[in-house]
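In what follows, chain A forms one complex with chain B and a second complex with chain C.
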Partner chain A sequence: MKLAALAWKDLRRQFRSGLLLLLMIGVPLLLTGLLFFAFGSTGAGPTLAPMAIAVIDLDTPPPLAPVTVGGVLMRALGSPELSPLLYIEAASNAEEARRRVLAGDLAAAIVVPAHATATLLTGTRPLTLELVTDPGRPLAAGVLGSILQTLADGLAAGGVAGRVTAELADAQGVPGSALLAARAASTVARGQEAATSSTLQVVPPGKGTTSFVKRMVAEVMAAMMIFFVFFSGAYGASAVLREQEEGTLRRLATTPTSAATQLAGRFLGIAAILLVQIASLLVVSSLVFGIGWGRPVPVVLAAVALAVDAAGFGVLLLAFVRTSRQSGPVFGVVLTVTGMVGGLMTATMPSLPAAFHTVALFTPQGWAMDLWRACLGGAGVTAILPALAGTFAIGTGLLAIGVPLVRRRFAQGF
Partner chain B sequence: MVEAARGRGTVPALRIEGVTKRYRNNVAVDAVSLEVQKGELVSLLGPNGAGKSTLMDMIAGVIRPDQGDVWVMGHSLRRAPMAVRAALGVVPQDLALYPDLSARENLRFWGRMYGLSGARLARRTADLLEVVGLVERQRDRVETFSGGMKRRLNIAAALLHEPPVIMLDEPTVGIDPQSRRAILDYVKRLNDEGATVLYTTHYMEEAAELSDRIAILDRGRIIAQGTHEALTLIVGEHDRVELELSKAGIDGEAAFADLPGVLRVSAQDRRLELLANDGPTLLPGLFTRAAERGIAVRSVTLREPDLESVFLHLTGRALRD
Partner chain C sequence: MTVKDLRQIVRDRRAVVFLLLMPLAFTIFFGLAFSGIGGGGADARLQIGVIDDDGAPLAGRLVRALEASVAVRPDALGELRRAYAAELVSRGDEAAVLVIPHGWSASFEAGAPRPLELIADAGSATGLAAQRGVQATVDRVLDAERTAAAAATLLAPLAQASADTLHSRALELATAAWQDPPVRVAAVQAGASEGTATGARAGTSAGDTGAFGANPYDQASPGMIVQFAVYGLLLSAMVLVIERKQGAHARLLATPVPRVAVVVGHGMAMLTVVLAQILVLEAFGQVALGVRYLQHPWATLALTLALALWSASLGMLIGAFARTEQQVVASGLLAMFFLSGLGGAWFPLEITGPTFTAVGHLTPTAWAMDAYRAILLRGEGLSGVVLPLLVLLGFSAAFFALAVAQMARRPN
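Right after this comes the complex of A and B.
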């Protein structure tokens, strides 16, 4: 009864503040929303805003070639299926294109080298296409790299098919074998273009396929949720400081309520606040951004683990803060730094060194991010167990360290 | 310590024995012993810093005494702290309410902390809102209340569980005269209804008006206790003469202590207090001495023996020092 009253009181006080509600629920959604709409969301779900790409064709194809590398590339990249992602510009000056990429005018430039078609058809050496990207736009590099690789594979397959056809024709004395080889290569390459377009097609939500952008928005939302839940945990714990200043902590000590009950009630209150926050963020982000958070049981377990983790960290931080005024800056710095180290600001960056992930696991936020990433990937209970156990262990460990410190710190109140 | 009289009753509702609290080299409360009988209203009177609030905190179990023990309704604070807390209703000196909760929500919360629930909690909440005159404002947040309303609610929160012993720590500090009157009347009423009350104040008029007995606390020690009448007898027929001087910094003791009939002199800023055998006889000599020393006197007040005189007599200092 007393436990519930203590928790209910904290819950009610926290959710009575409009500013706090904005920070707990509004800001994480807003930050994710900015990313979501920056990528040109329509009502159908998240998509990429078209990227400007320049293709510089320096090729001089053989006179009878019915297909050219530049032509294949332009047709593939300019296909209707890729038009929501790419906007193609033809260009003739490779240096000028490189300069525009660095200036940010273009997302990338693709340079088709001289004799590219001849190289493809004869197979005397590997065909190399040059992709120029801005290091500050890793997303463009990732998407285009993937498209080009698929195209290059297709072209290589076409070249091989053409050469085999030509050799067979020569062996059987068929006239015009070179032309035949080129047609064979062209046929294979066109087939590959179609396959490329199909692979990159953006599938609307609900068909079991998660697009790259959708996954990115989901991971950013998870990171924002974890970041702000940790803030709420610390703020909830710092309610003790405010009660100390209001005199209510001292008054509580005059009632027949044991220190253990007071602490347990306090923890229950923080956990309840965090669970309400997490549930609100999950539901609203699911409705607004179409995020599929994963299977219900793992998501519920992850929510509880995140609440324990954040509350534990909040209780530990509380032991080192003197006043409620001091708590703001201290919590801000500590939670931002640990959030950054925990990978919350780089949740969607590809190709981070493995060491970064290892370092992240030294923070409670790092474990929580792993857990939610697993949930977003549709993992079941068994698959999330390591991250779940790690998150719970860190949360309870922080509590075990924090509670005695807090009791000593608030000796008169607890 | 001066033992001036005994209160009524035989079984103490509150018994304090040898309670001591030290902070490094400073002794805040020094071996204080006091008994309050059931149904008695006892005031702890003393200047700021005398140790009143520290003593109250130790009785309430907020801070642990270095020595001694407290018994409330027979329960030892050391052995059964929860039973002691359940028998006490503590009104802290500073407001201790949740400003962003309503009056009603505050009372319901504190009631639950005292173990109340269901119909009893609802009834006590409604009763106390009525008693402290906050029925109309019960759903408003406390942060919107006036100082007097907050003080009244602060008292109500300590009475929800109908405690047999009520402790009020300077409940009238910083409020308007009307609210002060209402609080004093309510404390008197609680006592009339049978509650044992321990009331701390540094206003001697409050102590004189409310109390069956008064314990005077100075520098952590009880220096006198008894009824108002018994305490004033300590100073006999002595009068208190208050002088207001035109400027501060005058050594009053040097100027007036050797006048015939002056027993003690206490000075604070521009005020001088003299304890004298016979005030009216002293006045001509007092004015002559003031004129000789070039001391301009702006006003003179002659008072009958009171608690201020007692404190001055016992400590050589004014109660408000």
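Right after this comes the complex of A and C.
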């Protein structure tokens, strides 16, 4: 009864503060919403707006050339398949195009050099297409480079076929290698045109698989939930400091309630606050962002483990803080740094160096993030056991270390 | 007044942590994280699982070509079931999985090629990059095959060697030719010297510089400077709140010290603190991380002053409105998160939609990041950062005016 009363007191005090409610519930949802707005609204994750490019054709093709390099590029770049990514703008010369790229008006400019078509047809030396990129837009540069390389390969295919046939004909002593080369180039070009759309079929990972954007939003929400639950755990523990400064802690020590009961009541209160916070975030984020948190039993176990983890961390931090004024900045620094190392701020970054995950497991937040990722992936109880056990073990370990330190720290109360 | 505030701040040991250690730690951390994304790492290629159900020589040539690709790195999955392969992609363990179906080689040689199957999330940037990388390699391998077939068909009636011999030799020549294709792309940044334009390797693209530019700290360093310019003002704002709570501010107003001197004094202290912080972080970036802040020193200095001024004005605003230290911390955290997230301090606005970019530019942090990118990535000088500087100064004036009005309205 006393235990419940103490816990209820802490619960009421915490939830009476509008600012705290904002930090506990509002801010994680708002931050996730910010990223959803940044990437989720397009449905495609990190992406680029259609890019303006210019094509400067300095080529002087030989008479009767069947195709020209500039013509092929313009047709390909202006095709419907590429229209979501780019569109062509006019530029009078290469210098104007470079100036506009540097100014940010154009994402890039493609310069077809003089005698490009002749170079390609004769094959005596390589043909180099120049891609002028905006140094302030490296992502666009990468995408456009990739597209142009594909088109360049298409141009090269006929040249390779002609060169190989001519070389082989000469080696075999077959006359008319030039004509044979031209026929080979034509055959390969026709085969390429017929086949390009059907050589690779992209298949989504499967029915019911969460899209990249939904997965990204879910992981960000999980990371924000962990960060702010740890914040609440620390703040909840620091209520002891305020009571010490107000004198109520010493008055409580004069009552018949044992120190163990008082401490247990506090811990219960913190755990209750955290469980309410977690439940609220899970429900609201599920409704607002459509996040499927996973199977019910693993999610409940993960919620309890997270609450224990965060409460334990808060109790341990409490042992090292002297005043309530000190607690805010100290908790802020420690939670921010451990959250960063634990991977909460890089949750959705692709291709992170593997060492980051290893280092993250040195923090309680790192284990919690692994646990929630497993839940989001639909894992069952057996599959989440390692992360669940790790999270619980860390939480109880932190409590085991923190509680004696706190009792000694607050010897006159508790 | 300024000296008094500065002494109070510097006396607090947390100042070093808030102002310097945390931003440095975050800068290094995010720079290392960004370095693994698209460039700079030991092998930054996208990992593609490969399931070879075909086993024919053509499939083997395709896998070897993937190994030599600059864009993707094959990961042989053996006889993995397709359903589990899909899970690998969903989990992000593989960027994509390429399935070479049984009979693929034979179908190609028969002239009725079956498509290869690529399990990938085409809605994601990674899936799209994987698709492009695999498609480019598949096209080159198949073009080599078509070349060999065409050459053998044309030469077989005319040459003494058998069709098979001609085919094998032509395939060798074609595969070698694709190692050094006759059409290349040379990527050069606008404004770079002529000498760099011809240095590109065959088959490479500007994407080799990485998603955040050649130096990942070009995003992380200015991003963390902007973020922690907000975080660092917490200490300064706290001085205002404590002074007001303790009554020292009211007592100060009762002295002959002009009210404007009190306000300016507090503001100057905040400006000094943030300015010193930014300069130290820029120096660290220049010396230790290779970020070229000094390539246009006047532009960088002007930006530093404008950013410090804006940050100080925000600190004054928070200090004027907050009633408790907890409110200062909460307001500071909220300001830091939202201004940094919206303003491109965490990720370049280039990769968000146009709406987000437009909304982001309602914040001063976006303009500060634009100015940093203009200096660091475009090599622009003072003239290139005039607009961002004016925006920052405009925000500073507005925040200062609000802070002063609030402090005059509520001296206690």
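Heads up, the rule we're going with is that the second predicted complex is superposed on the first by the 247 of 414 C-alpha atoms of A that agree within 3 Å, B and C clash if a C-alpha of one lies under 4 Å from a C-alpha of the other, contacts with A are read in each partner's own complex, and residues count from 1 in each chain.
As a convention for this text, a contact is a pair of C-beta atoms (placed from the backbone, for glycine too) under 8 Å apart; a residue touches a chain by one contact, two chains touch by 3 or more.
Because the structure is predicted, anything quoted here is derived from the model rather than measured.
In the superposition on chain A, contact of A:A152 is made with chain C only, not with chain B. Ranked by how many residues of chain A each touches, chain B and chain C are led by C. Legend: residue contacts after superposition of the two complexes on their common chain; A:V308 is shown touching neither chain B nor chain C.
Look at A:V321: by the touch rule set out above, it reaches neither chain B nor chain C. Contacts of A:K2 after superposition: chain B is touched, whereas chain C is not reached.
Of the two partner chains, chain B is the only one that A:T257 touches; chain C does not reach it. Once the two complexes are overlaid on the shared chain, A:A234 sits clear of chain B and of chain C alike.
Applying the stated contact rule after C-alpha superposition, one finds that A:L344 touches neither chain B nor chain C. Chain A residues in contact with chain B (one complex) as well as with chain C (other complex) do not exist. The part of chain A that touches chain C in the complex is made up of residues 19, 22-23, 27, 30-31, 34-35, 37-39, 41-49, 98-99, 101-102, 104, 109, 120, 123, 126-150, 152-157, 159-161, 163-165, 167-169, 171-174, 180, 183-184, 187-188, 191-192, 195-196, 198-206, 209-213, 215, 325, 328-330, 332-333, 336-337, 340-341, 345-346, 349-353, 356, 377.
Those residues of chain A whose C-beta lies close enough to touch chain B in the complex are 1-2, 5, 9, 12-13, 16-17, 246-248, 250-258, 412.
Note for the complex: chain B touches chain A at residues 60-63, 82-83, 85-86, 88, 90, 92, 94-101, 105, 109-110, 112-115, 117, 157.
Put simply, chain C touches chain A in their complex at residues 14, 17-18, 22, 25-26, 29-30, 32-38, 41, 44, 46, 71, 83, 86-87, 89-92, 95, 113, 115-127, 129, 131-136, 138-140, 142-144, 146-148, 150-151, 153-155, 158-161, 166, 169-170, 173-174, 177-178, 180-192, 197-198, 202-214, 234, 325-327, 329-330, 333-334, 337-338, 341-342, 347-348, 350-357, 359, 373-374, 377-379.
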